[in-house]
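All chains are identified by letter, namely A, B, C, D and E, in their written order; residue positions are counted from 1 within each chain.
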Amino acid sequence: MTLLTCDKLSVSYNRITALKNVSFHVDDGDYLCIVGENGSGKSTLIKAILQLIGTESGTITLNGIRQTEIGYLPQQTVVQKDFPASVFEVVLSGCLNRKGRNPFYGKAEKALALEKLAELGIATLKNKSYRDLSGGQQQRVLLARALCATRKLIVLDEPVTGLDPLVTTELYATIKELNGKQGIAVIMVSHDIQGVLESANKILHVNVEPVFFGSPSDYLNTSVGQRMTGGTTHA
Amino acid sequence: MTLLTCDKLSVSYNRITALKNVSFHVDDGDYLCIVGENGSGKSTLIKAILQLIGTESGTITLNGIRQTEIGYLPQQTVVQKDFPASVFEVVLSGCLNRKGRNPFYGKAEKALALEKLAELGIATLKNKSYRDLSGGQQQRVLLARALCATRKLIVLDEPVTGLDPLVTTELYATIKELNGKQGIAVIMVSHDIQGVLESANKILHVNVEPVFFGSPSDYLNTSVGQRMTGGTTHA
Amino acid sequence: TTSTTSAKSDRISVVATIFPQYDFARAVVGNKADLTMLIPPGSEIHSYEPSPSDIIKIQNSDVFIYIGGESDTWVDKILSAMDIKNKKIVKMMDCVTAVEEATVNNANDEHEDGETHEDEEEPEYDEHVWTSPKNAVKIVSAIKDAVSSVDTKNAKIYESNATDYRTKITELDTSIQAIVSKAKTKTLVVGDRFPFRYFADEFGLSYKAAFAGCSKETEASAATIAELINYIKQNNVKTVYSIELSNQNIAKTLSEQTGAKILLLHSCHNLAKSDFDSGATYVSLMRTNALNLEKGLN
Amino acid sequence: MLDFFQEFFSYTFIVRAVIVGSLVALCAALLGVSLVLKRFSMIGDGLSHVGFGTITLGIGLNALGLNLAPLSVSLPLVIIAAFLLLRISENSKIKGDAAIALISGSSLAIGVIIAAKTTGMNTDVCNYMFGSILAMKKDDVYLSIALSVVVLILFILFYHKIFAVTFDEAFARATGTKAGIYNMLVALLTAVTIVIGMRMMGALLISSLIIFPALTAMRVCKSFRPVTILSAILSVTCFFTGMLLSFLYSTPAGASVVVVNLIVFCLFSLLGKIRKSGATI
Amino acid sequence: MLDFFQEFFSYTFIVRAVIVGSLVALCAALLGVSLVLKRFSMIGDGLSHVGFGTITLGIGLNALGLNLAPLSVSLPLVIIAAFLLLRISENSKIKGDAAIALISGSSLAIGVIIAAKTTGMNTDVCNYMFGSILAMKKDDVYLSIALSVVVLILFILFYHKIFAVTFDEAFARATGTKAGIYNMLVALLTAVTIVIGMRMMGALLISSLIIFPALTAMRVCKSFRPVTILSAILSVTCFFTGMLLSFLYSTPAGASVVVVNLIVFCLFSLLGKIRKSGATI
């Protein structure tokens, strides 16, 4: 079943076209990796999908999935230096749309948040202030929040940025499990193509206009795919 | 000649010790790579070296080098959403300490800024507003600024974060050239150990306390080095 | 347009900043001079910002009358930057013996003793000199002298106009004096700002007020209001006064808590546009005050 | 001691001031945390100028023959201004404090000009600065009770959404939270609290009730919930203490409350500093 | 037309107002860009309250027998306050606008209490709001010329350092720029400009001269230098136009300048919007 269809999508900022005529679709259980150079419109595409910015033309259709069932990890989160928020509060806020009409978080949500904290190895930071964390720790907290929000689809904009190699490996495993065992569809922007080639089943390469959309193995046979992976294949 | 000596350095935030008893030194022409897990104190070490934060005990000695001759790329730069600054203005501000007492930038500084822009492939963005750039583009602008500021030492905190693979490769080449041809010493924090193993001549692994300080080949023979590089050696 | 400012008629021009001196000058000059009130009726004089035409009016005036107190410090600044050789300037506070601003809002009969500031360089004087009719008489004379010295050919008319108005004010003074001397109580309870220092002093009234002076920014303290309530209850006071153009907040509180009625005591320094249009004068406003005093003090 | 309290509470006007004040202080403190974080610390000051400007507009319209109570022109306009201001988010190109400065300066200037060109103004900017917390009417008491019940209930019900939207609006919107609605909610609650508070007790006091408790709580707490709770407690306590002191030493009521808040702020700053350096020493 | 200007300039007080005003407007606009970006838009308002509080303090000290001119207590204190405020950087835990709200509320409250407890209140907050731009003396003219020459020279000399420190203080410090010195410099220049401007032409006008030109310029320019230059030009132009209109229509001078600034701001906002949407349509 198709969860998300993007048809001839174009987006522009002021006078600059960031995306032009991009079409692709994500099915149930897909693992889509979006690649491309800096400034090629990847984050713009993600934001358009999540309706954070307006589109110029084209359509985005969600099918059998509500926006409250999507988890999201932004590329940049600018948090005010003086914002008082503990790590647990931040992660818990990912459960916001799970609790339905109940104004408070139940045991289930709290347990989920704790579980994700543990999964990402930051359980000990639970009561620390978010603003006092190191860059990589903050990234992990936001990841845990995204994992909490996810029920059918998770959208990750450069998730391994700033993570150390050990956590990176674990994160890929976590996402793979999410995708494989729990059947959650994944859309991931990444420059670490090597790291995702094993798990992804679809690759979208954009450069304002779409360059490639298909399977990883096909991608590796294109000249652009070769160039992006440095000519070497992984595994 | 030793440029920088760090002796038994300890730093703490509030009640948390971030660094304890770290000693190392950087010689002329060195390429030091600092590795470690998230939250292990790498950025703290960098900030202490650059006197951005106070230290608890231990000494940092600069030798034959003034602070105005250092280039710096911070891990996170929070720029206000409404700050009007063009890419060129930002990069040029890296030349601030080159212009000496002259209140204005001369031809040399402007040429240098343009050169660095071109080197990092963002010459076309010159007149764009910094706040409107993509994450990777912003990273490149800040890199160009750091390169402009560098005369004897460049300090980079996770420089390839958010850069696409092509630019990453080019960046490593640029830094290697800086180090090899121009004899500029490099201190780089990186999680991409594979990427720097070829070029670096020293590795410092910290985890609050120093874990390893020595040559890359020795590092690969330690168990921790093996673990951090996923057990595989590159090249 | 340019013609009004450059073409000088033979009529003299008199400019007054606010109502009391405008009213006095109006009585003195009658229709023999061009008279202007600078701050429009209904305006709050504390937050007044002049326009260039105001300054041109002051500059082109032959006689200029202002208070010289805290509410028009801007006038002093303007005058000090202006050539005033050919101008008669009447500063109301200089026409009378000014009293230092009260520091205690509940000043009673002994209010003189605690307050000797001889060694102080710049004492703050209470600016509401006109509230005492005796002072008003002096100010009228000063205005008359000023206009007469500029416009000698009409001096006679000014002299007789001034005499007439002084008589009216003196009559008023006597009638208020009579009311006060017959009154059962000689204490004014004012649930508002208190610009009546000179008025109270002249008639030997003591006073209890929510605020010390007329400044706008003061807020009352709980203790002061409690004290006023106790005073009203203990002395069975029937009337609380409030001043013109006030929101009556405190007066209403007092009235609600004690059952005392609210009556107006007009301090004349700003008056509503409707009053101005219907031709109110210092004397007419003060007569109303006299009536309200008669009601309130008995 | 007992005698003192007995006397203190024997005056209806004090009882009313304490009830109204504490309730408004509670609401202001709850909303204050968001306002301070969103850079709206000066909103009380700014709105008082808007109040002045719109009142002169009302009087001006009257002078033109339109028979409207100036207040019926002013109140909705101030609420609209508050509302527009508060919809400015972290992502807007004009930041909260600049927008406040803009609107407050403009209204003041427009007010001055309207007043000069029509009937003159009898409403002073200062009227808005210093209200009369001691002059509450019965209706004010009911109004403040109703207001605070509504604010309290809505705040508690939507506490988690408010947190999510304040912390990271983009994430909240991306995951399907109607950020717009909650922003509007906070804006409306704040607008009403400030406008009512301002009319009842002056811009000085309501401004301070918004910023002080939140800033004080942030000195020692590092998570959102403790900050919110502590600031609510501090706000009410300081208000009550301020009123007591005002009664004891006959100092102006509103100013006393502000000074108590200031003292507590200084104490907590010190506390925060001590707790911090405890480690490095 | 020529006649009109001849008449306009024939009044010494207008010539002085135009000279002093334009120069102060120029300084305010230059520094305003940094102030708006550092979240100090409300600093004019805030300092006017500090001015009020310190004046009452001066009078209070006098009443206690200390013989000081109130101004000699107030002026240095206001400059110190401005200075302390402006040293707050983006990294501090208390943000600029909150610090302003804190200091302004506190001084106001302390001022009110001192006044109530000592001499009674003779100095009006409103005195600080509305100055008298039309009452400049010769000395004021010289002072403003000296001030603006100093501000202008220092600003141009250190323009690049000021940019670097405002944009990214950590980088500037890391690469050996004495950020502290330049922060102090900006703080000092701003403190002096605001305090002098406030005394000469009131808090309303100087506040607006700080924020409006910078915000207007930011509507259309995206780089720092054009913003700075445009805001300087706009500031002087709007000031002059405002004075002309005030003369023509006999409206209050300061308020007229503010309203002209407001109109220009609206025009430029519109312009900015049009230029933006030009692409997407």
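Everything below uses one rule, namely that contacts are C-beta pairs under 8 Å (C-beta built on N, C-alpha and C of every residue); 3 or more make two chains touch, one makes a residue touch a chain.
Everything quoted here is computed from the prediction, not taken from an experiment.
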Longest centre-to-centre distance from subunit D, chain (CA-based): B
Cα-centroid distance, subunit B relative to subunit E, in whole angstrom: 40
Distance between chain centroids, defined by C-alpha means - subunit C, subunit E (Å): 36
Geometric centre distance via CA averages, subunit C-subunit A, whole Å: 74
Interchain centroid distance [CA atoms averaged], subunit D/subunit E, Å: 26
Interface hub residues of subunit E, defined as touching at least two other chains: 90, 93-95, 112, 116, 124-126, 129-130, 218, 251-252, 254-256
Residues within subunit A bordering two or more other chains: 13-14, 78, 80-82, 132
Residues of subunit C whose C-beta touches two or more other chains: 46-47, 49, 51, 216-219, 221
Graph class of chain-chain contacts, one of line, ring, star, complete, other: other
Chain-chain contacts as defined at top: A-B, A-D, A-E, B-D, B-E, C-D, C-E, D-E
Residue ranges of subunit A in contact with subunit B within the complex: 13-14, 36-39, 42-44, 75-76, 78, 81, 125, 132-137, 139-140, 158, 161-169, 191, 193, 227-230
Residues of subunit A touching subunit D in the complex: 50-52, 66-72, 74, 77-80, 82-86, 88-90, 92-94, 96-97, 99, 103-105, 127-129, 132, 145, 149, 155
Complex contact set, residues of subunit D against subunit B: 90-95, 275-276, 278-280
Complex contacts: residues of subunit A adjacent to subunit E: 12-16, 56, 80-82
Residue ranges of subunit C in contact with subunit E within the complex: 2, 5, 46-56, 59, 70-71, 73-74, 77-78, 80-82, 101-105, 117, 119-122, 124, 212-213, 215-219, 221
